[in-house]
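Below, each structure is written out as structure tokens.
In what comes next, chain A is part of two complexes: it sits with chain B in the first one and with chain C in the second one.
Here is the complex of A and B:
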């Protein structure tokens, strides 16, 4: 190792120590916990090592429900929110008057507290003795039968959950995509018009390839973020998510640590490691695909 | 295809100033561009050259006036339907597409009975690439090409659909001097081969003079003069055109007419029959000077530069409007001393007189 190299490492040292202490160490720790059976916080003791925690978690119906909820929600919300964001950004970029006003409106949910947004969704969807919620009023207006979105059938709850998630993540994606679209040099559109391209061709052959790195970025971070969602479920369905059947993996981990049935750090660790493995796999797949597909 | 501009005016809203004022980028432009010719559109920065091109291709709509391609009025036709080819100042090659894809792009947009098969497109693209000698680079991305090669891809892309009109906006400005010369010869060759009516924008007068059939000199949104390059050079309408054409530029003196003779200070250089006494700008082309002991014009030598065949004398004169004047003479006639005074006689045809106020030419008339 030459002198320069040493210097480089020296400069990196504070960052490495910081990251190591606050990120790598806890991760390793959780990994170790997940193999220690019956770990007890108070006595710091455990009864044995092995895969029992994983086996328990994977056989726990609450975990399987949380896993199903999470995966379903991720698969629905990531493509939909990215698609909607793209559509809205395109619309925003093609209008001149009032663009800033619209941009502000679309950005509002981003600066609004999750729980406050949850409250609004309650008003929209929750059935109370006094009202059926705005959504049900609309449904009955068109002659449908009212549905309880918060405490009713699974699909209704899933619908509200996904709707909510999309609503919450949309502003950030719109922000990123509008600026990506705005940064495409207008020269390309001029050249394309002279070459006889219509607006759809221009979108397909110029806009889309040029903003594709940003789209991939949004898909990857979207997957990661959606997999980690928890407070969104709480905002809609309350803290007893297992009872509501709307728990998420992170919610399950939290419950195992601090919930009413809590005090099981080993199970929580195993669940956390499973989540980590799932997210890592999907991210690796995403990155591989985007490397192949992204144009530059 | 003949292109005619009829009283084209383009106004922009000037956003820089608080109280929105109008900025006239092109003012009442009338231009007749004959079929199959190469026109050089020439003028200083900001005079409205690019705006004129944008109006011809349809990217900008004129505030008033009409444009004809042949006998068709295309004023309201959008650019995608005008069938022009354009090379932008910065090329505007699509960075994510290969050279082949860039060149086939205009072909893919053809509709109806003009639609081509993939094979035909590739053949046409290869043909266009051959024309600009880039057929070996079809699968590269623009970022993997040199500036000159990118330039030629842009030309191939503009040519591939065989446009009726080809517009070039300072296409050579990013190239180094050698490549510039080479590419401009190539452009000229391609234009001759294809016979496409071509409008070539540049602010380099030498470039315009060397390849154009006709040049159009613009200044501040207005056309100053249109003509064959040599004619415009020999016969400039006003001082601006005279100064804009020619390297080294024309030498300008604050002269005076007394009793039908032209005086530069005390030197009486020329007869000017029929012109009343007044102050004038006197322009003398660098090649209009002849070293002559008995000549009328006395200058102080600053530097003598020998440039092979020619010698350039940098000297000064009390009434010259620039600090130094530059004359180009045969090397044999070079004055013995490199300092002191030099006397010139003048070639009559290289001396031009301009009105002091209007700067219009008054002699020869």
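Here is the complex of A and C:
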């Protein structure tokens, strides 16, 4: 028995060592950092403890800008992408020929490098001295005035940002929803058809309730994922996101840690904990709502 | 209205509905494919042709490979590629060993404190990477591991979620097999490698695929930990090209680099399409 005890721990040892060093210890440490004021990276010393780091971050205009960008983007992209994914999945489920081909195509963005394809979006939307870019060509085709989506007005930048994020997150949502729709027992539809239900009634009364747990799952993971987006913004607007006015909360954390304005692990820690608190709150709210609404 | 008319009408309505559905699906398919088309197209346009097109053209009559030559010669793109390959293989390899051992311990071995440790592991699943990356950055810096493969690899070789996924799968293997193996005098390790792993291969393949995609796309950690170009991964490399390299000027060459970086994962996807889609729907999170 004693021998068995030892063996079990031996199998666990690598995982425990790695998790201990790179997960548990950092988790404790990040809270300590966030309360240490004036932490100096080189000498590893600090001048006092308190809430100053939090107050600094919350009064930093760059953080407020990042917070605003992130929240606006989350509010726009999560409902739009979930709704759009639902529409596409319903359309996919109603056809037979070409369904596999469409599914394969729709999944492509999932397996692409976010940074690399973001650059394609950048050149599609960017205005350069020699060309207005493809997006602007389409706009002027319909009689609009051209606008620089990458370095122009805020709403234009926000539009590209949201558009790219929706493009990136849709594959996962479509995949989950198509398999959820496919798993609804066809007997329900047959019974409903005998009762003379139309296709919209069937969607509202059968499909939607049956897949509602998956929709709520997607909304929750969508919120969490969108709150943490960062590399999408880098791909479109470059690494100096503060200058572009398009930083995200995660971007703010990394900028504080490293880069031109970096070297402040205390501020970075405080910002990361604020982010964690926001995400946790929203997840709890989502879970409470979904428990009331979802049909299991 | 007789029966035939009703049938005709309903069939016509069905056809119209189908046409609308297909048009809708086709429009989104074009939206998805267009960026890929555009990057391939641009990568074959010559620099002078690209900059002289005020209105971008949707085709090119004189394709050139010069951009690909430029992409590989002007920056160490091949080196970025090799780095990413080493990073991906090493991280995935170590991760599989670590998670399989841990999952086996949780699923099959009996030892004191197992339930408590498992609960602790599960609670770690809720911790976002952003929260621990700050201290990890400091740790790796203090260990003088910046700009090394060790520094890149070490923090990402464990995943509580994959341990959980594997444990669930291992636990489904019937107890009787284990008892029979024990009677035959098979050691636990031999049982794991000869019986468990072959039975659970689909799940392990899933985990490997997900990890490979994650590694190939990882950007944040490598950016923090490397500032020496000799250790850049493709994501950091492409960002470097865009900000300081030829990407500011020579967009066709940058698109050639983008094509080169995107192709491997797309090829893997087209080969293992079903495995990947099944794996992602079981354990994917990007989105």
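Keep this in mind: the second predicted complex is superposed on the first by the 271 of 296 C-alpha atoms of A that agree within 3 Å, B and C clash if a C-alpha of one lies under 4 Å from a C-alpha of the other, contacts with A are read in each partner's own complex, and residues count from 1 in each chain.
Going forward, a residue touches a chain if its C-beta (ideal position, glycine included) is under 8 Å from a C-beta of that chain, and two chains touch if they have at least 3 such contacts.
Only a predicted model underlies this, so the values are computations on that prediction, with no experimental measurement involved.
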- Given the superposition on chain A, are chain B and chain C in a clash or a fit? fit
- Task: Go through the superposed model and pick first if A:38 touches only chain B, second if only chain C, both, or neither.
- Result: neither
- Could you look at A:263 and tell me whether it touches chain B, chain C, both or neither (first, second, both, neither)? neither
- Task: Check the contacts made with chain A and report whether chain B or chain C touches more of its residues.
- Result: C
- Task: Have a look at where A:194 lands relative to chain B and chain C in the superposition and call it first, second, both or neither.
- Result: first
- For A:205, select first, second, both or neither according to whether it touches chain B, chain C, the two together, or no partner. first
- Computed vertex angle (chain A) for partners chain B and chain C, CA, steps of 10°: 80
- Report for A:131: first if it touches chain B alone, second if chain C alone, otherwise both or neither. second
- Query: Minimum Cα separation, chain B versus chain C, post-superposition (Å)?
  - Reply: 6
- Message: Looking at the complex, which residues from chain B come into contact with chain A?
- Response: 57-59, 78-86, 88, 90, 92, 94-97, 105-106, 108-110, 141, 157, 161
- chain C contact footprint on chain A (complex, rising order): 4-9, 11-12, 14-16, 18-19, 21-27, 29-30, 33, 41, 87-88, 91-92, 94-95, 98, 102-117, 119-121, 123-124, 130-134, 137, 167-173, 175-176, 179, 218, 221-222, 224-225, 228, 230-231, 234-235, 238-239, 250, 253-254, 257-258, 265, 268-269, 272-273, 275-276, 279
- Message: Using the touch definition from the top, list the residues of chain C that touch chain A in their complex.
- Response: 18, 21-22, 24-25, 28-29, 31-33, 35-36, 38-39, 42, 51-56, 97-99, 101-102, 104-106, 109-112, 114, 117, 121, 124, 127-128, 130-139, 154-155, 157-158, 160, 163, 188, 213, 216-217, 219-220, 223-224, 234-235, 238-239, 242-243, 247, 251, 254-255, 257-258, 261-262, 265-266, 268-270, 273, 276-277, 280-281, 284-287
- Note on the structure: So, in the complex, the side of chain A touching chain B is made of residues 185, 187-188, 190-198, 201, 205-206, 209-210, 295-296
